[in-house]
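Pasting the structures here.
In the two complexes below, chain A is the common chain; its partner is chain B in one and chain C in the other.
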Partner chain A sequence: MSEQKKLTDLAFLRNLTGGQPDKMIKYLRMFLSGTPQSITQMELHALSKDWSAVKQTAHSIKPQLGYFGAKGSEDLMKQIEQYADSQTDNDKIPEMINNFRQQYETISAELEQELNILTA
Partner chain B sequence: MSENKPLIIIVDDEPLQRELLKDHLSKMSGYQILTFGTGEECIAAGKVRKPTLVFLDYYLNTQVKDAMDGLEVLKEMKTIYPDVDVVMISSQDKIEVAVNSIKYGAFDYIVKGEGSFYRAEKVLFNVYRYNKLKGDAARYKSLTIWMGSAIVLMIIIAIVLQQMGFIKANPGWY
Partner chain C sequence: MMDDVVADPGKPLHLLLVEDQPFNQIVAVDTLESLFKEIKVDVANNGREALEMVIASSKMYDLILMDVQMPEMDGYEATVQIRKLITKKSKTPIMAMTANVIKEEIEKCFSSGMNDFIAKPFEPSMLRQKIMQLVV
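Right, the complex of A and B next:
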């Protein structure tokens, strides 16, 4: 069975921190504790059709995904931000947020695994 | 002890972003670094002690809607300290964001992303070099004024002494 391609890549963070485990652990914990709240916030904003708030939340999550190598999700977040900004394809946004939530399940599982390795 | 070091302030409402930049810039010794989640905190800290450099998020109201945004904080900091260097940071690579930042006096503008930390390091170096050049220029200016004044004073003394007959018009000629 072929191994499924990972959604994350910690190469950038390893390079930035010089591979220091304490810093890697700190950043992983910060991302894993902060992002679920941001996703929920974004879902609530979409529910209340507050597209400006959706845009701002997507805007703040976007670069963080890049730091953890989740390029596909970063692109999705960029798209959400653009749709929310243009106010044209707003009806597609809830589905896109839902897709992101699903991606985040995998992202968080991968990062939890990395965290376990680093803290072992 | 650290109060003697030049101060860098990092303002971003994303804790991870703040921490990453702080840790990265901390590698460069000789700076005290303070981080804040809001512009209001940054201004309060700035009033207590003048920072050398401020890294300021452009969108500061993603968490708290009524919070000051980056441009407001930039304008306020420039009112308090016109010569403080402020670097705006944003995930937006739109030209108007960069133009607005520079228009209100930002030293530079950085787009968030993997390269932004190395860019911030480079900006810090540029600010250091720029301030050093400014200091050198001020020293050279005052030195030129002092030397010019000394020469004028010497000429005046020579004329006065000549008028009083203490020295001849062409000393050493005969």
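Right, the complex of A and C next:
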């Protein structure tokens, strides 16, 4: 995996935890175990056109992405949140969520790799 | 690396963290416990729980860290309700924790009665600095 193409950067997490592996491992595991369910929830909310719930879910995922330096995905989540709040751009949301799901595949692979290094 | 100086405000701190997301709750509590020498953090899952805990507490919290967007009762409304209390608890310092650092939201934080704000995800040193300004 090329360093330039990485979607995550653990510099913020290292600063937050003081580089303590146990805390980094805990946060990585929590994020990796909880986010897939949140994405599915967001997809279901979008299918039922519950834009308020889409906004709430995007809002909850967004700062977590920040902890793992996934800036591009954090911005995408912010955009989903804004569109879900608007009355005119809701039709763009399902594709944006799909884009995020694809990004998450890369993010989770990168973070699993970090987790493997930390737990080795 | 995180600045590893543990702050000592000269008294044990009792904080109320108001946050609906378990991940954010755990990160915030861990961070607070690493930043301060003596600290107790109570956790409320939304604004309504926070209001109930403020009313029910035997002593005034030293600080409330308030998420803004939450189900049931958001941080703005919870702050307005706390400021309406007739006891001295209405003066409890409240700091917003927001993932949306935009002018409108910051203005809304202050107009609802909050004293300060910090962006999520937060830098530990910034969190410590802002807390020290509000509790000392």
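Following the convention adopted for this analysis, the second predicted complex is superposed on the first by the 116 of 120 C-alpha atoms of A that agree within 3 Å, B and C clash if a C-alpha of one lies under 4 Å from a C-alpha of the other, contacts with A are read in each partner's own complex, and residues count from 1 in each chain.
The rule we apply is simple: contacts are C-beta pairs under 8 Å (C-beta built on N, C-alpha and C of every residue); 3 or more make two chains touch, one makes a residue touch a chain.
Predicted model, so just to flag it, every value in this text is computed and none were measured.
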item	value
Chain C versus chain B on the shared chain A, clash or fit after superposition	clash
Chain B versus chain C as contact partner of A:G19, first or second or both or neither	second
Which superposed partner A:K6 touches (first chain B, second chain C, both, neither)	neither
First (chain B), second (chain C), both or neither touched by A:R101	neither
Touching partner for A:Q56 - first (chain B), second (chain C), both, neither	both
Contacts on chain A seen with chain B and repeated with chain C across the two complexes	12, 16-17, 23, 26-27, 30-31, 34, 56, 59-60, 62-64, 66-67
Residue numbers on chain A that touch chain C, as the complex places them	12, 14-19, 23, 26-27, 30-31, 34, 56, 59-60, 62-64, 66-67, 78
In the complex with chain B, residue positions of chain A that touch it	12, 16-17, 23, 26-27, 30-31, 34, 53, 56-57, 59-60, 62-64, 66-67
Of chain C, residues touching chain A in the complex	1-2, 4, 20-24, 26-27, 30-31, 34, 69, 71, 99-100, 120-121, 123-124
Parts of chain B lying in touch with chain A, wherever the complex brings them together	13-17, 19-20, 23-24, 59, 61-63, 65, 91-92, 112-114, 116-117
